[in-house]
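First chain A sits with chain B, and in the next complex the same chain sits with chain C.
Presenting the complex of A and B:
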């Protein structure tokens, strides 16, 4: 039964990919030929430049602070260790329009430095998009790198130190190569977000593949061209994952030792300590304090006009949608991971790998395929007027689950691994059924369940692209913030929705961290 | 020449003292083992020597240079002390030869190559030079870790339970190999272990620790045959604890009279089972009944109840001797060849 359930779930998750790939072999439409002749090169150039720019800047913003908080003692280290995760609560498009306003003709920069300042530049550009993505997404790399650096601390802070290497040498020769799998995974998550995004690139007038998919679907009303663009976008996404897999396969990077977790490099000079403090402060200021400060300023001006009954119901809708979808995804991830644990066969392992592949799919690709599938389902039932699945909450939730299921898998898998095989074997040897054994596991996995829930909840709450495409009839805080922000006059009015998203996400991040700390201490 | 001198070293975490007034002198080329149960403070002492932990009190000198005192603290990277960790801690992304070469960052390329070859030859793993750690066995990994530390030419080598993760057979072989390699390179070494055989085979001197306090410091023979207290006696093997009372120049025990110079009317005598003989009835032999027989392969251990005093004692006999539970026999304390006894 467990394997069958996993099979069904996996087939459902894999359907979008199959659906898209099946459209590549159809006859190209006129709209596709038009896109190919006029826009395709621009889409490729912008997408590639954006990916390189964002990956490089995010790498610097994520890896350097992660290294610093892991190996040095400096003022505010404990604060920065979790505070640098907070930009994860800010959706990229919100980051882009807060910064765009600061650099606009009436913005803060011009007011402070004057209209001739060298700091002024057109933020609604490719460069602005790179900054927005990097500032909002670097925590993915930061989190992964920090965990990797902590795990390898016996080699970095134990062995390498004893052999009298300089700190820079240890970083370059030991820490970075060992953290490559984690950092590359974080970088790929960032790149997938760049592939997925529509809100930021369209706001920054930098048409990428995703913009092309949206235009083909809405402006040209050509689903086939949209599918073809989606299929092309799948190629670099899969290629990058494949490349990473080829590099790290057959290599062992894992260092199993926690005895040096609380160790740091020895006393560094006062100048170095304050230099590191200043560096972390600057990163935190520009990626969180500055944009949130701007939003709070706008929020104070517009709150009385924006916050009404509709706004409250919008917030409740968003939380309800995010929480219910997160719970369903969590349930699916538990079932699939548990099946792999108790019925370990080649098939179950492949099924689990396929279930996780959704994160490699750009949001627009998931959205297009979910909509096409729902349309096909409605058409095949012969429903002409009404829509059973198309543009409904079910289609939206399906899209969210396909896209974000992988986010929940990591913590859930770690949880099952942490419980260990002996507990499972002990339960079965005492005559416990698989379901009862699962309950025993879940009780021992509370921190991991909480992490999974928090991660997917925040991702869904922030998600704009999928919601905008799949469920135009269903407004969320994210779509509300975006629709107000694209009109220049109404930018400040978007701040309440944006702040609500950031507050709820930050609250969940902090709540998750505090609960995890408590559970960690108990265990 | 003294390589390591530790004086009154103490370590306290919050209000929990884990090491109390630990002092030690280690001569050049000597191998000293720190042994004790988990939580006895042995690894903490090792971390204080390497510089990963700051002592709460006391001082450490390496080659007559103070590396740690009230005023001085030299960071681990500046102590020239190498350490082999329990899980070998080799770099998983580097081959065997690159792992060893990692310790030679200040040498020229040709010099590095020469030392790596020399080390690989020393540990007998020349053919595995290109292998990554995951392609080698636990014993090979531990040898590479040792070679890496020795290539560094440290003033002091610290071995933190280097054999704890090996199986029994491999452990036995590795003990001898480690001893041979360290002796060959004349490296001053501190070994931390909880296994008495590791300490006895590898070390020249053994320090027994309990709750952060030194119980005894002696050669392996001294520790085994002349334990200073019951803890040390029990830690290193089976022992019979027998009540003794003064009688003229000696002490009367249920097993006979022992000549001793100790003062006091009463004491307890600790006697190893191998110092009790089983034999024929005689004037000084004590009758006893076998209550339990345990087969240990090389020998059998008998639990006997002395007929007069009803005291339970343990003796060992060769594995081919045929005995049964309930059988009566005579045991005799071999006072002339008595080597393993102590009075506490």
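Presenting the complex of A and C:
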């Protein structure tokens, strides 16, 4: 029963991806040969540099503060612990447009420092792209790393202290390797998001492989070649997941869930405390306060023109759509992860892996394959001439889930891991049915469910391409922000929508945080 | 159980709440457009149209290529009645794929001059965009400028700002050069401009103007309406940047300045063909054309409608009279030429 449901669900989600993968066997077209001859090297070079740059920078921005808020007491620790998640609320392209404008010859930096300042540099470059992605995406790594550090056994860290390891070497030699599964999962999410992006890299003129996909499709008018390139794009993503799996497979990562008190190093010097405080402040300032401040300034300028009664319905649409899809996605992820846990069959595991890879694909490509599937479904019903599935909310939600399911898997998997095998075994040996056992698990992993829900909610709230193409014709905050910022080249006018996205996301993050705290107190 | 139940409950509650699909049924009073134009002024025009005719306008926005692919996938069942793009190349592509149908009416031929619509009525221009050279008021004299071709002169080395070749406006410009001078000359031209570029192409048209205003480049190749938008910006510095440059219309002694269009075509399987034509007639009418001209600083296509005051102040100019379909035909070639020339 469980296996069957999971098979059906994952198969459904994997189908659009398998549809794209099927293009890998097509004959190479003219467009592909042209790209190969002229620009492929550039695309690959940019992609590799960008991925490497973003992974390193966001690793630093994510892991270091996560460690600091977990083990040290310093002024503002509680504030930073959740505030450093906030940049996740800013869509990457808004981050890049805002920064590019601030550093342009008509922007804020010139106003403050004058036009000869060394601070004025060309932001729309590979460097700028690395900054934009890292600033907006590092919270994935931060979140996962923070959870991992918190769960690390007090004993392990205590023993390390007994061996009189320095703080730094405990971090580098004990804590970091132990947190590898979580941190690498976060980093992979970041990398996949870099792979799939088109808007930011094309604005920063850092043509990556994805730009090649769109070059083939838009300019060379060959959507088949685009599908083929997308299929190729899946390979590095698959290999990275495989690599991670190979590394962690044979190691036992013990989680000491009996210890809720997390380990703190004793008092540190006043200087260290303020040093840590300054560092966290700088990170928070540049990744959130600075860009949001600029958006607020623009928002004040343009609000009277942009905000009308439609704007409210825009916001309501967006919240409802993102929330309901997030709930469905969470439900699917729970069922799939649970089945993989209790009924390990190869088939389900592979399908689950494939259904995760949608996160690597550009949204427009996912949209095409989702539309093709819906059309195929409508046609096979045949009798009616109308459209049953195409252009409906169901189709749109399906598209979202295909694209974003990966985000929910990681927290839920670690949730199940954290509950531990003993609980599962105890349930089953006491004769509890699988569904009852699942409920027992869910009760114990509420924080993880909540973080999965919030993560996918925010991702859906920021998505515009699928909304444009797959669903019924209506606007969301993200489509509005995109239309104004990119199509109309009027970034200030997109600030109201962008800010509303950021506010809603921040609210949900805060809500998640508060209810987590409450849960923690109860237990 | 509680968690699952509450999840399902939320979903059930929310689905109908956001299902705000316009009521179906009275299809006589509806027209669905797929549009690449995301300008707020267009929304106002659609509202006006609904107020005048009682026909509801359903708008789906995205990029032209994606919309064309959508119409292709949807086939006979497509909801699209009218496809609006921001360049002629995409209209040509849609027509080539058999997604459009030819329509004509007296009003349409009266509103849109013959070189601005397909001869069988597959598409009609809504607005014109001129791709011009803007130059620094202080450092460049207009006498130094003449043609697009002259931009490759060694004297401009390191002085030209222009955006990336993935941009459709650049592609159309190169397509027009291919039509005028042939493939080889076009490749030489592209290489020549690349050699004169001030930096690796980046940013959008507004950014190129700012580059000239900041003194980093002397010339920029841009669409006129972006200059109009800069000059009317909320940001005083942007206005200053716009004021630092002047417009030059190239090739006035030859074939004329390159002009692209934003245009619309009725889809082949349009369910509301009549309404689509009504909308097309409305959008090319004097009144709507005035809105296009005033709100977005584009050149109107209606012969009796004047451009906005600001746009007129840049002067009249001779347009390249190339058959616009030719630009569509040569678009792919243009893209390949850019790649060969190393224009990023």
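As a convention for this text, the second predicted complex is superposed on the first by the 382 of 523 C-alpha atoms of A that agree within 3 Å, B and C clash if a C-alpha of one lies under 4 Å from a C-alpha of the other, contacts with A are read in each partner's own complex, and residues count from 1 in each chain.
In this text, contacts are C-beta pairs under 8 Å (C-beta built on N, C-alpha and C of every residue); 3 or more make two chains touch, one makes a residue touch a chain.
None of these values were measured; they are calculated from a predicted model.
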| item | value |
| --- | --- |
| Chain B versus chain C as contact partner of A:308, first or second or both or neither | neither |
| Touching partner for A:378 - first (chain B), second (chain C), both, neither | second |
| Touched partner set for A:122, first chain B, second chain C, both or neither | second |
| Which superposed partner A:517 touches (first chain B, second chain C, both, neither) | neither |
| Touched partner set for A:390, first chain B, second chain C, both or neither | second |
| Partner touching more residues of chain A, whether chain B or chain C | C |
| Partner chain in contact with A:159 - chain B first, chain C second, else both or neither | first |
| Residues of chain A contacting chain B in one complex and chain C in the other | none |
| Sites on chain C touched by chain A in the complex | 1, 3-4, 7-8, 10-11, 14-15, 17-22, 32, 36-40, 58-63, 65-67, 69-70, 73-77, 79, 93, 164, 166, 171, 199-207, 210-211, 213-214, 216, 226, 229, 234-235, 237-238, 240-241, 331-332, 335-336, 339-340, 344 |
| Complex contact set, residues of chain B against chain A | 50-52, 75-83, 85, 87, 89, 91-93, 102-103, 105-106, 132-134, 152 |
| Touching residues (chain side chain A, partner chain C) in the complex | 34-35, 38-39, 42, 100, 104-107, 110-111, 115, 122, 124-125, 202-205, 207, 211, 214-215, 217-221, 223, 301-302, 313, 316-317, 320-321, 323-324, 327-328, 330-331, 364, 367-368, 371-372, 375, 378, 385-387, 390-393, 439, 442-443, 446, 449, 465, 468-469, 472-475, 479, 483-484, 487-490, 492-493 |
| Chain B-facing residues of chain A, complex | 154-155, 157-165, 169, 173-174, 177-178, 251-257, 260, 263, 266-267 |
